[in-house]
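Consider the two complexes below, in which chain A is the common component and chain B and chain C are the respective partners.
Let's look at the complex of A and B:
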């Protein structure tokens, strides 16, 4: 067992946990905003896939990781635009459109990958890490948390930015109202449709960015179905977090540790089927739900399209 | 309390009674279904063109294999069997206002249970009894799997979307673990369960390759439709779906009904798995997950949770998936295009329904 819990191993495990957690964090933060505004965004898996594919394409052809993140976010926004148009503006059923978008993007990205990359399976070079001085010298924790790509630190900063947005700004309150009592927001002279559209498009950008990170930094390549349910995990994180961005961060880290453990155990040659380890994060969530589920609350108007004057 | 105005109560063409109006309604429905499908085919065709595949050839193969060739249509009808069971389960849940999105996990566990139990049972008892026992145990396992979300929703008010999604991830992994560790056939190198001999599977219909599971599936969805629309129990569930608080005040035992809904819905998903295994596949391979549930959910919505309309949509899904597999193989396109096609069909159908609704409203006004 000494080999398993050596210093190097432990910091590699935690490093992997952060890398695995980041896409979930971004997806969860995005979904949280949609849900706050009353849109259950089941299409987030599709948005992440669009982001992963376009992010990889952008980074691969330009050679710049940042451009890849930009194209990834743009891909997510493009899918979110369809969602906003169909579900927010004309009020189609969010679950039908969400699932349809996820299915469609799964197919489309796999199709495009087949024609573009399936012969060569190109890889991106390893991402440059931004090493934070002093902090990165701490044993175990230093290499695990303070030697990541710059975007990781930005995402963590975003968690607190979101917290500020929801608590202290007009837009944050508008978003909350759009989910809790859209009619009241409308009476106050704020456009509900516009508020919700902002939320859905932001979700798309964050999910796309998460997908791009997953493909470009996490894996270094794009393969079909690469997100593998990360978007759905984002939905769960958002629902568990009860509107608080910090809880999305904790939840994402928990999942990240479990996912990283899966890889680590394989590397360490421990003979448990990966399926068993893959069950860990979900098991953890179910236990959390059984223990604390009672207090989970969702916006009153979640999933209900807003139509002015409708009863 | 007037239940007739509840949004979930069906008023479809097929329930109507008067002759001429019905015919026009059916024609209208048909037009509103075929028109959007055509439009979707055109949009998807543009994607095919963009990747350099002849869309006409592709659709030709889809129709030939999925609909017109004798072997293809038999495969299509066989594919319908599990989908019908899944749709029936979703109709119960959605009409009662509960989002059982865990169909895939329940399906797989039902499938693994059936695959593990059927070869054992056939050695112990007559084949017909063995199959019935496998069906029952598959349904029961799927029901048990839905118990945690059901209890959490019934007594703690925990949103069932999260819990059923979680349970479906867990169920998929658990099914794999069971196949690889517990029920693995020692006689094969690839991890899979013991294969049920063809002669012990569900009989085929007449001289065709169509599984008799199709009839079971049709029976299931029609019974579900009638129970939901014609019985007191169905009415109770619809009240819970329309307004859970009103249901409490009307003296309904909402927690009990909630658990019943989950049990029925999951049980039917488990049967879907069993019918696919006992009728068609014969065994479960490791990592097998057809993910039928995800495509059936939107289809059930578009059918407005009407059993008869759902049969139509399930048929459409089957044609697209069987035909799509064949067309993809022949033209060297990955099968993933079927996903794109199904997705576009679903979106355009939803859009058409909205336009139709608006048109009717403006005509009334």
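Let's look at the complex of A and C:
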């Protein structure tokens, strides 16, 4: 050991930060899309859990991480489908349904896992990293940022894809109108229910993917309640990012560093109670909310179900 | 516009309604309505609040479906199933409440509704907008955010949007209610240019003068039924005054030349009586979005009505709130029956007889989700006999509420109806009943007839006169000069938070007040 700030330690810390940030990034991007379209998606934690469980099961039985990501995303979409049906189509309270979905999925995934694996926690083999030539040779930065699974790079590309979607496409316009003034979208001849449903299902896919990454790559196994609030952190990120995907990326990285630091400090054997260390990410949330939360702007019709002709 | 230039063809109905009926729980909003809408005509739908105008528009724009009857488009029966379908049929609607997304730019709002897989066709839009705005003589800032535009500008954007989508029929729902007088004239001229291009316009309003000034054909709605129609031939044959009196006859069944012109009975205010309300050098500090008040002084004697005239936003609201105790004064004195009250709380001032009728009826005046009955006693919550030992006395409340409903003619389905479901005029009656209840000595009315239809406006004004006749002192704040001239004994003019002059309401008061309002000495 060459001390806390050795090159190896730093790059391991940052590598861990990226790994921890990715599920938050995907959840944050997903939540952002729902919120833009006017749906406050509290069920995202449940969607991540469904993704984590089904993603793990898919990868475990098929031996393919990619298939695991696919089943994970499908799991998230399945939960999102319930959310879309109840909250968008029927117009039930989004907060109540969201909480119900999260609690329900916590129980359901734990139960299914127990039936399937009893008390054993089988592990997946370590994920193959896609090493980016040249860049990965940079000291500290290289091993930290350029030796990840391919899906990490794809997720970062998605950030810019989302930015383009919101600013340059018709669908992006429709999504924002659905969240800001759904009646205006409706009289423009676009189905508000359909637009919001698309947003919620996309959220489900992204959250499910995030959950699958968390279980399959981040941890290499599934344990009940594995997401441990990652979905809620995603909600915070979406609120703080004020509608801009690139801010979700920065926020996710910041939280990722905090989460990684938790592990790193425990490994380094620093003499602080683990409970205090584990508080770090949530402390960071509160500090960020105090600093930036007041200026966070949310769509005007967020959380309000749309009903045509209602006054 | 090429598709619209065929107006020389004998005018056939673009859209026709045949026996259309729409019911909502408890009411028939539209009862067997026939209507024909033709190119090159401004068809005015005239009716009071609750006459069924908005329901009719809802059915034409695809938001609502008729229960009975049919809608013909180009002579063929066509159910209009959705807003998208209405647009496809060439029916564009400018709703009473703006239907633009405030966070997006004008261009983005105009592009809303394109196929989702496409990139927004900004270039194409700009060319199309340039063509339309040139032919209509309006200018539109395409790249400004909608939230930065004035209401008049937003309305032009909505009309423009209907044109961009090749509308053949443009529906304007209460479009003048939020415009300045100048904006209203501009809208009238714009409508004229649009019909000259062969468009059909349905113009909904409850203002007689606009109907007479802008219409080609007028249909009058009353309580869900169409009670009369003035076709273009008759319209042209009659003068404006004749049309107005005919409409009034149709709407109210009583003949009057100008329904708002009421002879002001000369009342004698006993000059020697001690003033009930004395305000001296009242001052309020300015805030970010409102002017302060400085050196406001006036007296009101029992039975006297003092009007406050002025352009909106010159400190009227601040004055009312400072008197009621809702806004901290930085100086001056307020005396009620000679007793200083400027340091007292809102509740204490009310108990001593100072009552304030806010202009924000649903915001601060009532609790929308509470039943009508409780709203009568909002300012007495906890007080006997309606509350005893902290418990609501339902029987007492209902008994007194029923009495007030009768006395003030509040049209409500029941005492338990949430007050927000009532029309503006009936909410105002609830407020009147509450504030004029026992113990009132001085009453401040802030824009009491704002947004009300004619019948309710006249009823409210009569209520104000009756209040003064009972010997109360009345402060009437209004932006409607006609209203002040028809009611007040004296009129003070407020400008930039200061009273710039007070005029006795006699013969030439109109010109004097007018001169004060535009900054000249009376």
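As a working rule, the second predicted complex is superposed on the first by the 307 of 311 C-alpha atoms of A that agree within 3 Å, B and C clash if a C-alpha of one lies under 4 Å from a C-alpha of the other, contacts with A are read in each partner's own complex, and residues count from 1 in each chain.
Heads up, the rule we're going with is that a contact is a pair of C-beta atoms (placed from the backbone, for glycine too) under 8 Å apart; a residue touches a chain by one contact, two chains touch by 3 or more.
What you see is a predicted model, and the numbers here were worked out from it, not measured in a lab.
Contacts of A:236 after superposition on the shared chain: chain B is touched, whereas chain C is not. Within the superposed three-chain model, A:96 lies in touch with chain B and out of touch with chain C [touch as defined at top]. By the document's definition of touching, neither partner reaches A:134: not chain B, not chain C.
For chain A, the partner touching the most residues, choosing from chain B and chain C, is B. After overlaying the two complexes on the shared chain, residue contacts for A:291 are found with neither chain B nor chain C.
Touch criterion not met for A:126: it reaches neither chain B nor chain C.
Contact residues on chain B toward chain A in their complex (touch as defined above): 47, 51-52, 99, 148, 152, 156-159, 161-163, 165-167, 169-170, 173-174, 176-177, 180-181, 294-295, 297-298, 301-302, 333-334, 336-344, 346-347, 350-351, 354.
Taken in their complex, chain C has these residues touching chain A: 58, 61, 63-64, 82-84, 87-88, 93, 95, 99-104, 108-109, 111-120. On the chain A side of its complex with chain B, the touching residues are 40, 86, 90-93, 95-97, 99-108, 110-112, 114-115, 224, 229, 232, 235-236, 239-240, 273, 275-276, 278-279, 282-283, 285-286, 289-290, 293-294, 296, 298. Of all residues in chain A, those touching chain C in their complex are 168-171, 173-174, 176-177, 180-181, 183-191, 299-300, 308-309.
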